[in-house]
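Quick notes on the structure that follows.
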Amino acid sequence: MKNKLKIGGNNLLLLITIVLFIVMYGIGCVIYEDKGFGHFQTLLNLLITNAGLICVACGMTCVMLTGGIDISVGSLVGLDCMVMAYGMTNLKWSPAVAIAVVLIIGLVFGAVQGFLIGVLGIQPFIITMAGMFFARGMIAVITTDMVNINNETFAKWADWKLQLPFGGYTNRHGVMMNPFIRMPVIIALLVVVITFIILKFTKFGRSLYAVGGSESSAKLMGLNVKKTKMKAYMLSSLLCSIGGILYCLNSMCGFVAQAKFMEMDAIASSVIGGTLLTGGVGNVIGTLFGVLIKGTIDTLVNTNGKLLSSWSSIAISALLCFFIVLQAVFALVKEKKKE
Amino acid sequence: MSKEKNSFWKKCTGSKLFFPAVCLLVVILVNVIKSPSFLQISINNGVLYGRLIDIANRGSEIAILAIGMTLTIAVSAGTDISVGSVMALVASCCCTSLVGYGVNSASSVKMPIIFGVLFGIFIGGVCGCFNGFMVSNLKVQPMVATLVLYTAARAIGLVVSNNQNTYVHVKQYKYLGNFWHIGGWECPIPTPIFVAVICVILATLLLKKTALGMYIQAVGINPKAARIMGINSGLIIFLCYVICGLGAGIAGTVASSRIYSADSNNIGLNFEMDAILAVALGGNSLAGGKFSLAGSIIGAYTIQALSTTLLAFGVKTEQAPVIKAIVIVIIVVIQAPAIQSYMKNRKARKAGATGGEAVAK
Amino acid sequence: MKENEVLTMRGINKTFPGVKALNGVDFTLRKGEIHALMGENGAGKSTLIKVLTGVYDFEAGEIRVDGIDGPVVNHSTQEAQEKGIATVYQEVNLCPNLTVAENLFIGREPRNALGLIQWKKMNKMAQKIVDDLNIDIDVTVALENYSVALQQMVAIARAVDMDSKVLILDEPTSSLDDSEVEKLFKMMLRLKKEGVGIVFVTHFLEQVYAVCDMITVLRNGELVGEYPVAELPRVELVAKMMGKNFDDLASIKEAESSVQDEIIIDAKGLGHKGKIKPFDLVIHKGEVIGLTGLLGSGRSELARVIYGADKSQSGTLKVKGKEAKINSPIDAMKLGMGFLPDDRKAEGVIADLSIRENMILAVQAKRGMFRLLPRSEQEKIADKYIKEIQVKTPSMEVPISQLSGGNQQKVILGRWLATNPDFLILDEPTRGIDIGTKTEIQKLIIKLAKEGKAVIFISSEIEEMLRTCDRMVVLRDGVKVGEIDDEMTQNSIMKAIAGGDKDE
Amino acid sequence: GSSGESAGGSSSGSKDASSSSSKSNDLISIGFAQVGHESDWRTASTESCRSTFSKENGYDLSFVDCDNKSADQLEAVRNFVEQEVDYIIIDPIVETGWDTVLKEAKDAGIPVLVIDRNIKADESLYTAWVGSDFTAEGESAGAWLKAYLEAKKKTDKVNIVTIAGTNGSSAQIGRTKGFNKYVKANGWNLLDEQDGDFTQDGGQKIMESYLKSYKDIDVVVCQNDNEAFGAIDALKAAGKTYGKDGDIIIISFDATNAGLKDVKEGSINADFECNPLAAPYVEDIIKKIKDGGKPDSQKVYVDEACFACDDTVSSFKTDEGKDITMTVVDDKVLKERAY
């Protein structure tokens, strides 16, 4: 029994995700070589545009690990953007104040949701649906106008870029193109690393897995299930708020429809990244790749330049379906094996 | 005599429909206070006219969806979040099959309208089969299983209708979503109301005249026991999702007929949330089991009444969700087991303290 | 607290809705003692343990732990652990998705100065623990990859490693094989030497007599007594658990049997891995067969395999001479079988439905979905069986969950009688039913047999079975060990059940 | 890390449009990031681009439908930069947040043209803007109404309801602003103004509600044709008379083919065009740049006509001093209108 293969079903899912990403990206490079798909910057752009989503999806993964779900994230990102925009533009907050306010909103929002779900034991779907309505409605309560961020410091942050010393090329217009990344990318990757450490190396992180694996066992092994769940939703909303800040750095404005349907992207990314919806299995590395796969699909459809945008939705759902079925089959096989 | 009154009152308050009915009444009352003409129904231009008619008319789609949603929640404690998207897909399929692919606007149809409508409903059923298969055979959590079509169906709808609104400018196509004409006579009641009533009657017949209703509750409450006594739990779960899909199909064709076009971007947008909310408002537990269809229907019209009210009060469309959210939270918190047992304990303690008095009450 | 005692519980009361699970129970555990907690299913053993460790709160009573002044009340498992009480609960309570090492250490992982978990150290420590126990496990692999037995061992190892004063083992051996039980015993004896008090719950009598010093017997939530092992012979223990003194158990055999020649059920080599070893069984028309054996010996499993509640993995089944393929219960029902499961809550009642609906569901399922029983018919059936088996209820529209346990059981019995089966399996139909009705049910069984039905009857009360059964099948540890058809006496059966030759 | 300008330095100077078509084929490659596909008007705009920048005309169009997601649009533009297209056309979903990505395009030496919706970015970052003057549309409508009422001798209190477009969109903001100027100036009574989301269903719903709330409605202003269709259905069902010979005046915007059909039939009194055919204007600019020139102005307004169902008012002057001629819709007009 000792030489049991270490690649169990769950690692396999992660492996499939990574391989899939590489294959898809590779195919893109081959087909759209003349359209610059192979440029290093294309890969970096994936990170730049999806930095916010990466944070949000990391939070979603944490919640899904406990066997829950948080569909309020998209609206919360929208609310964060609006608060930042309205605060900095109309109320003349400094960026630091705006960020602090947004983070506090995230924590409070998460605490309320977490309390209702973890302590009162109400289904996560319903509560976070209410959260979704609430946050989206609150944006409109603040203002239904489109608010631009005209704070100079914040604009400077948004504009900041880190030139990478390699992988440059001269484009058709004779300009030397050096690859670069922006601040959100660094923060997002940092968030991934920190979340990874939390999940892998802290007691709280392991409790998330334990609760997702078996709630009753976790309780009998002496873990505080209610608190763990509540913290999970707080973490999700907090990461979501960080994601909201990054999203804001990219979009520089707030309006009612901001980040609509982002929750579904986050869930899909987590699932594609190998997070089990029943809880207990998954990690943020997979989620990162899930986001990248989603981004790659978008980029492929974009680069094609002839397809309807619907195709990327369809491709993502097909992939989602594929992973769900794969997970289900693994689960059924496991059950069979146990008998 | 007063005792009798008490017992009647108790019967009313004890009924599962009490809470939803009160909600509906409260909403209507608020309106009546604001403008007494709210309850007024008149005949205008040969058709019924009034706010109440609007609520009944506009609430039809939610009511139809709520039927299916009630069943999926009852049988699997699972919400079908794909229904809104499926409505859009159904509308696209229906219109495209009538006028052909890529046609933006047509004033004649290629085949009898009934076939287009039936085809649309059939597509809804197919979507239901897909969801049902995922939930009952692959044992995927309902919300996640239906997430696939939630994202895909609307997009497929757009592909089917070539990314544009497909108009069917044919008089007959408007009947389903507006008023029915027979010869020169115009039916004074909006057709969607009939459709909703027919759906409710059909569903009631199916649930009451066959054993399906009993089976659904049995499977929802205790699938293991249901299996032991010979009920095919998987099949029942599957059936519920198919019914839910068919409901989405019907709702989709009605919504499409209202605007005699397939507007894939907007048809059914956020309807899944309203349908789930309707079920919850109807006093049904989202944890599955025993259900009350009547409650869900009342819930559906309560939501519509709420939406209409907010509109009449001039609350901005985008702000309305805040109020919806608060309503949801209040309802589920009242229903939460932790709160219920707390209340029960308090009641018991009170009863213990006051002795027999509480019993007499 | 007396010298030597590490744990005392006095006058513990605990009620669940409708059940008095513990009623004034006392329990005492001393240093270096292995103390068996015995009792039938539902006697309250697990409840007592859960009350002690803070999983449930309790209404009355006092718990004292050595080294702590005053009575203690635990609010969570964690608190109990902090007070030196380590527990292995009845159901394996580990997280299958975590690695073995994590399961051993969760909540108390070795951490570095930054508060981060030291995986390497943890794995090393974990490997040492399992190596000490002599079990072959890679601690870095997810727990779910190992068999239930090994998982059970991990659970035990986790509790043992906690360095506690009190170790509680609630049926740890139910899924272990002999060699593993051996290892466990070795470990228990070692801990005993170190002065740890061990509470040991098991249904295997041999094990009790192999390692235990004291026995506390519970019955129906009440304390029967505390006895040194040496003073309580095996047969007497069984009697104490069942609540009958030897003297009371006079055999009352029905006069004539109604067994006919026609064979209804003919099972050959039917079995289900891990639950019941392949067995042969023939049942005739008009015959009542009793399944007997110690608790957990596989009686229910045997019945379930015939009925198809668990699909048989080997062997063939002939029903009325014809080869039958039973994939699910509905197939069995169509062949004229009925099955009343022993776990009423999990597999019997449909909680929120009314008595009427609960009663007619099986008949309805047999008829098929589209042929709904007319309401009047439903009421007739419900009415008939409410009268016949005396269900105490104000109306047939009352939700079954509002009935007492015994009355719920009657409703479910009614459900199966309503299907008019040729072959009826009754797994503990008399559990929780009062004496009067018990006799009624026994009479009913005999009446059914007279009508030419075959019946399998499982009961923990041997006396009942003696009265009604034509033949007894004896099971032990999932193996059918024999049949008794003549000379069915209390004594012979007790001996067969207790097993072994030690007839003390 | 270093921030700021690209290593290319004087990128804006190194741009030489004529050398840019050194691709193997000499098609001019264009990337177009469209808002989405939410209305007939949008479809017409997309079609206009497709037909103008066709292969036959010497273009290679890469079209991305951004599905109303602003983040996707940023992604699309970044993708165009990597594709090394010659020109980028943006119809911005949101007005703001463009500086960063426009700078990226500029650094790569790619000229950006903005169409339709407004953009709030530094003017040096894009070559030109082509689109409608929404405020002017609203003003025209107001001025027309004033003239029409005078012609009809209706001077008593005028009750107006507005079915607005999606809150926050430039069309909604502009048209509301322009029209409401006249409401104020003439003392009209604006009863209500609610969001119909630019959809037919929205228009119908809002109109139904208005009809119950307000007994006396003289004018209905719908901010696009789809809303007007819905409003007409509601009015019809309620037995109100409207349009040419009716009690209620209906004003609409967009003037799509379907809308003009209703104008011709007399159900809509006046329809103010919002010309979706920006592509020809853009092509002009591109041709100029290619020949080494510059666009005449940074802001180019497309020509927009005004349509009416009859000749009650055939021409008038707005308060802003613009002369406007109303076109009476006949079969010829209808035929010429492709979208």
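Labels for the chains are A, B, C and D, by order of writing; each one numbers its residues from 1.
Throughout what follows, a residue touches a chain if its C-beta (ideal position, glycine included) is under 8 Å from a C-beta of that chain, and two chains touch if they have at least 3 such contacts.
If you want to know which protein each chain is, UniProt gives these names: A = ABC transporter permease; B = Sugar ABC transporter permease; C = Sugar ABC transporter ATP-binding protein.
None of these values were measured; they are calculated from a predicted model.
Under the contact definition stated at the top, the chains bordering both chain A (ABC transporter permease) and chain C are B.
More C-beta pairs in contact connect the chains of A-D than those of the other pair, out of B-D and A-D. Between the Cα centres of chain A (ABC transporter permease) and chain D there is a gap of 34 Å.
Between the Cα centres of chain C and chain D there is a gap of 75 Å. Once the centre of each chain is set as its mean CA position, chain B and chain C turn out to be 44 Å apart. Of all residues in chain D, those touching 2 or more other chains are 36-37, 65, 167, 195, listed in ascending order. Among all residues of chain A (ABC transporter permease), those that touch two or more other chains are 140, 144, 256, 308, 310, 313.
Looking at chain B, one finds that residues 158, 163, 316, 318 touch two or more other chains.
Pairwise chain contacts in this structure: A-B, A-C, A-D, B-C, B-D. Residues of chain A (ABC transporter permease) that touch chain C in their complex: 1-2, 4, 6, 8, 10, 197, 200-203, 206-207, 209-210, 212-214, 216-224, 280-281, 334, 339. Considering their complex, residues 36-40, 43, 65, 167, 192, 194-195, 197, 199-202, 204-206, 208-209, 212-213, 229-230, 233, 236-240, 258 of chain D touch chain B.
Against chain D, the residues of chain B that register as touching in their complex are 35, 37, 44-47, 49-51, 54, 58, 104-105, 158, 163-165, 167, 178-179, 255, 258-259, 261, 263, 265-267, 308, 311-312, 314, 316-318. Per the touch definition, chain B reaches chain C in the complex via residues 209-212, 214-215, 217-218, 221-222, 224-232, 289-290. For chain B in complex with chain A (ABC transporter permease), the residues that touch the partner chain are 79, 134, 138-141, 143-145, 147-152, 154-156, 158-159, 163, 273, 276, 280, 286-287, 316, 318-326, 328-329, 332-333, 335-339.
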